[in-house]
Amino acid sequence: MIKIGQIGAGRMGTVHAANAAASRRLDLAVIADRSEAAAERLAGEVDARAGTIEEILEDGDIRGVIVASSTDSHLDNSLACLRAGKTVFCEKPLSLSPDRLAEALPELASLPPLFVAFNRRFDTHIRALKDKLDAGSIGRLETLHLINHDPAAPSLDFVPASGGLFKDFTIHDFDMAQWLTSGAIVEVMAWASCLVDPRIAELGDVDTAKILVRTDAGEIVMISNSRRSGYGYDQRIEAFGSKGSLRVENVARDEALQMTEAGPAGAPIHFSFRERYADAYRAEMDHFADIIEGKAAPSTGGADALRALRLAEAAKQSLTSGEPTRLTEQADA
Amino acid sequence: MIKIGQIGAGRMGTVHAANAAASRRLDLAVIADRSEAAAERLAGEVDARAGTIEEILEDGDIRGVIVASSTDSHLDNSLACLRAGKTVFCEKPLSLSPDRLAEALPELASLPPLFVAFNRRFDTHIRALKDKLDAGSIGRLETLHLINHDPAAPSLDFVPASGGLFKDFTIHDFDMAQWLTSGAIVEVMAWASCLVDPRIAELGDVDTAKILVRTDAGEIVMISNSRRSGYGYDQRIEAFGSKGSLRVENVARDEALQMTEAGPAGAPIHFSFRERYADAYRAEMDHFADIIEGKAAPSTGGADALRALRLAEAAKQSLTSGEPTRLTEQADA
Amino acid sequence: MIKIGQIGAGRMGTVHAANAAASRRLDLAVIADRSEAAAERLAGEVDARAGTIEEILEDGDIRGVIVASSTDSHLDNSLACLRAGKTVFCEKPLSLSPDRLAEALPELASLPPLFVAFNRRFDTHIRALKDKLDAGSIGRLETLHLINHDPAAPSLDFVPASGGLFKDFTIHDFDMAQWLTSGAIVEVMAWASCLVDPRIAELGDVDTAKILVRTDAGEIVMISNSRRSGYGYDQRIEAFGSKGSLRVENVARDEALQMTEAGPAGAPIHFSFRERYADAYRAEMDHFADIIEGKAAPSTGGADALRALRLAEAAKQSLTSGEPTRLTEQADA
Amino acid sequence: MIKIGQIGAGRMGTVHAANAAASRRLDLAVIADRSEAAAERLAGEVDARAGTIEEILEDGDIRGVIVASSTDSHLDNSLACLRAGKTVFCEKPLSLSPDRLAEALPELASLPPLFVAFNRRFDTHIRALKDKLDAGSIGRLETLHLINHDPAAPSLDFVPASGGLFKDFTIHDFDMAQWLTSGAIVEVMAWASCLVDPRIAELGDVDTAKILVRTDAGEIVMISNSRRSGYGYDQRIEAFGSKGSLRVENVARDEALQMTEAGPAGAPIHFSFRERYADAYRAEMDHFADIIEGKAAPSTGGADALRALRLAEAAKQSLTSGEPTRLTEQADA
């Protein structure tokens, strides 16, 4: 078993620690958190012990660290671990500042592997779509629709530090857009409104958006975002190619279907990312074990994170200007 | 246009007259019915005139007659028209008496064509299944499931003269069983209950049944019947073969799907045979025009009607005896 | 029966004449076409007679006229008939020139009813969505996705006179956008490419587009267009509201589903507008009879046609400028 | 953590050991098998140690034992463990001999809890159906269809010791039939053929069956079995009630759907019980932990196993006699 540590015992930390604990390849030994109580609680749940970041850094047997601390400390904690020779699994976003990230890239190149986890790349359904697309089953990709709607509006406390809709939420779609298209993204146009909750607008954010993205291969991507679907976590992808289309539909909680006078009624779709991507989070952990053992390179790292972040910034700029944003000078990405 | 007449202005007569009137190949000129008022009403609706059976028989320009009178007069009216040289489209059942039907078969062989209409053979969806089956898409047929559930229990007035569940309702399934299998049916086992309405039992009938049918090729067919589904007219077929399966699902009234917290909700399936098989009834009329013009032989005639009727009798016998009924001596069918 | 005439015996004329002939309310008596041979052919098919436009205009018994002539004569022919006191059913587009149309609107207000046929408003499935939306089943509408992909690229001969993708094809989506949203459309942004056939670009047109439309109620509509889907006539609508979503999926040719080792395989979706909207075209004809009899006002008329056309022009302008087009001064619409 | 042991390191033993090892509640310490090598291999995989049955029985810290040895030793091994004070999780069938089982029942009543694992009762989808059924969502249950088709014929070596189709395979359906209906099963009729492989017939078994089961509440159950579907592990249930129906459809490997000219093509359904019921096997293990901790009584035990077995015997008898078998004297069950 590979001994690992974890920094962060919050929402995502709990998800990752449980998966690490259930893995037969990883031995999650130490969990650190700004809040000692939180670290203790989580450590108790997964048969690990609570400790400090320093202890993790100094323990020579610890080969990998999961960084799931608060967003603003992702990059610093990751760098600290990498410099200490640990392989790192960092929850997205690696950083909310493209400048800081761009600055860090050269050093990252010389450190142990850094895996920035974009969960959707590990989803069975999306991978099946990607595989078929790569196999040419629908010819050449022409356009792409990404639907990403949260079930219910986030707590207002969360909004200010989130980085805004594009950096916090659309970032997944930007990564998907880049991953699934063949060209490099050169233009972004964002239209957004605040329709779900006017207080989100007061906090300077939006909650509903349609974003267009264009690649230098002529592909056009449409991203649909909403902070509140009213019916669950809507996660769909549809790819249109020269010979057909490929899509991933939502996944229902169960397959029981009821027929009555009122018509057919199925089970709701999964409500949250935890349920919808449960398998993907487990697969991420397996990928992390592969990376530590040298069996795989990170599927996504700092450069991918920077690229997605730049797209989020471009979207924000488009929203402000009312015009498309062209991406022209990104030598670093 | 081919001049035709119609005997019967009731429920099925109304369906057929409307389709004949809308056909560009048929000119429905005269409608006769025991009730003059009914004939007048329907004739008014479809731009025909009310008349008598005699007028129809004697009109040398009338080449075909639709027989949609009461069930007990189907055979007599059909024979009268055929003897008068008309091609006949007779609504099922041709007769409720297998003996009378068997007796009539030899004469039928020497008369103009008689088309006994089994609507399902003309349904787009079922034909698609049949075509794929015949094309070998699932290998050799092994077993077959037929689901035939009415939306709501029939009026109790209807029950006594209906001939009972098997002759009135299952008759369609027996025809499907014979049509879709490759062997000849040699055994029938019926289990039935009266679960929908106890008054149906008082009238000597059943309302819920599972029937097994076996062919001499080893194929087994399961027929499920109910007089009341609670959710519409359930019409499904599933064929299991050596390499896969083929099925026809129910058809919804429309394709609008609603997603809310409660889950997905679709439109109800078609409620009645009129809606579900509207296209099939139109196609029957076209087949009738083909038969009159000599372009096609009837897809089903007296022998098919007798075969289905014998199976209904066998099912009834099985229900009485509690044992399977073997069909051994049906030289006539 | 209501006596009517028809101008135009081409592709759409054939569709409409067949439906008029099958209607029990309409008597299609005369068909005129620039090509006498075409008029003769179609008249023969539907039991009408070939004639001239003048004969139609002068026949006092003719109460309505179907205008299905070439696009550039739609408005003139409609006006001629209306001035002659006939009610008019005009195939879309009424005109390709918003200026000419704006100029005609005042006169149209004083003439008999003019029905500009937008077929989708008569589709069972789309109407079911509209009814549920209006009934508040998903709360307040927020955003809308319209997918409208043709099965295969049009003949290149057709492109130059078509008015271009937006006026010829997206026009349906603009009408849907206006019909389904509650606000007035105030902004249009179009991104388009020529991915299907480079010769379409040489003719100055595009074949692939994503268009964003915004209403003054904050609703955002995304329209997806392609001239070639590779899998049939893709016609989908999805509405996202404050409490859920509503969608209309594609309609399959039949419901036969095959299961083999390779997985489930269903029937293709309808290939062309003729099949997909067959029922809608029939319903249009019924609506036309209602209008002539004074039972209904046209569901869409000149003003709706102008509005959709202005949106098409705005989309074209956005494509040229690379920026959103704001719609501000449309007093006439 | 609850210390447990396991007897049996074969196919099912491997499934159960992996789930026990991944459980945070159970500590699988010792694995015994007739083949020491098999025990060593599996123990290595799940971080346990290989040992003997005696060691398991004598280890006072071991509170529970998973019995997944060969079928003919299930009952003896279970009894040995129970007599040693262990709670037992026994893979089905507990025994192939109803007489031996009936004989053991009185003693079982006085021993620690025995959980005979019927996996389907733990499946999310089937539980959802059961919950809705119990909640009265379709009124009173009337009839039930169970489809249970294996993907591919078993190895011929397996057939002789399997107990035959009914005891080995239909046993699951008999348990479902009993679980989902409200009445007691009083009659069984089995029709079967050997259509998949004639060598199965030579071994005295059948591979294709339709079985009817009736309860004293008038409910009728239809069970469809095949040893080879050609398209995966077909596991469907449909319940028909007085107000509607409930069904569980098959579960696809993934939700990626491809649309091409040929029509829609989805992913195959799960191929084997291991994949289809992976979650159910995990849930069984959790139930086992609950039983050991006294938080739950076994959902199914010896009496349920005997009841299912008697139904399998009744089906076999019906097959031999060609008549329905009535179940009248089962005081013990």
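Per-chain numbering from 1; labels A, B, C and D assigned in written order.
Assume a residue touches a chain if its C-beta (ideal position, glycine included) is under 8 Å from a C-beta of that chain, and two chains touch if they have at least 3 such contacts.
Treat the numbers as computed from the prediction; the structure is a model and nothing was measured.
Undergrad: Using the stated contact rule, I'd like to know whether B-C or A-B comes out ahead in C-beta pair count.
TA: Here the pair linked by more C-beta pairs in contact is B-C.
Undergrad: Farthest from subunit A by Cα centre, which chain is it? Let me know.
TA: The most distant chain relative to subunit A turns out to be B.
Undergrad: Roughly how many whole angstrom separate the Cα centroids of subunit B and subunit C?
TA: Using C-alpha averages as centres, the distance is 40 Å.
Undergrad: Could you tell me the distance, in whole angstrom, between the mean C-alpha positions of subunit A and subunit B?
TA: Inter-chain centre distance comes to 58 Å.
Undergrad: Using the touch rule from the top of the page, what residues of subunit D touch 2 or more other chains?
TA: Each of 138, 229-231, 243-245, 259-261, 267 in subunit D touches at least two other chains.
Undergrad: Enumerate the contact residues on subunit B facing subunit D in the complex.
TA: My answer: residues 138-139, 142-143, 145, 149, 189, 191, 193, 195-196, 208, 210, 212, 214, 218, 220, 222, 224, 226, 228-231, 234, 240-245, 322-324.
Undergrad: Within their complex, state which residues of subunit C touch subunit D.
TA: Touch list, subunit C to subunit D: 229-232, 252, 259-269.
Undergrad: Could you list, by residue number, the parts of subunit D that touch subunit A in their complex?
TA: Going by the criterion above, the answer is residues 21-22, 24, 46-47, 124-129, 132, 137-138, 243-251, 253-261, 267.
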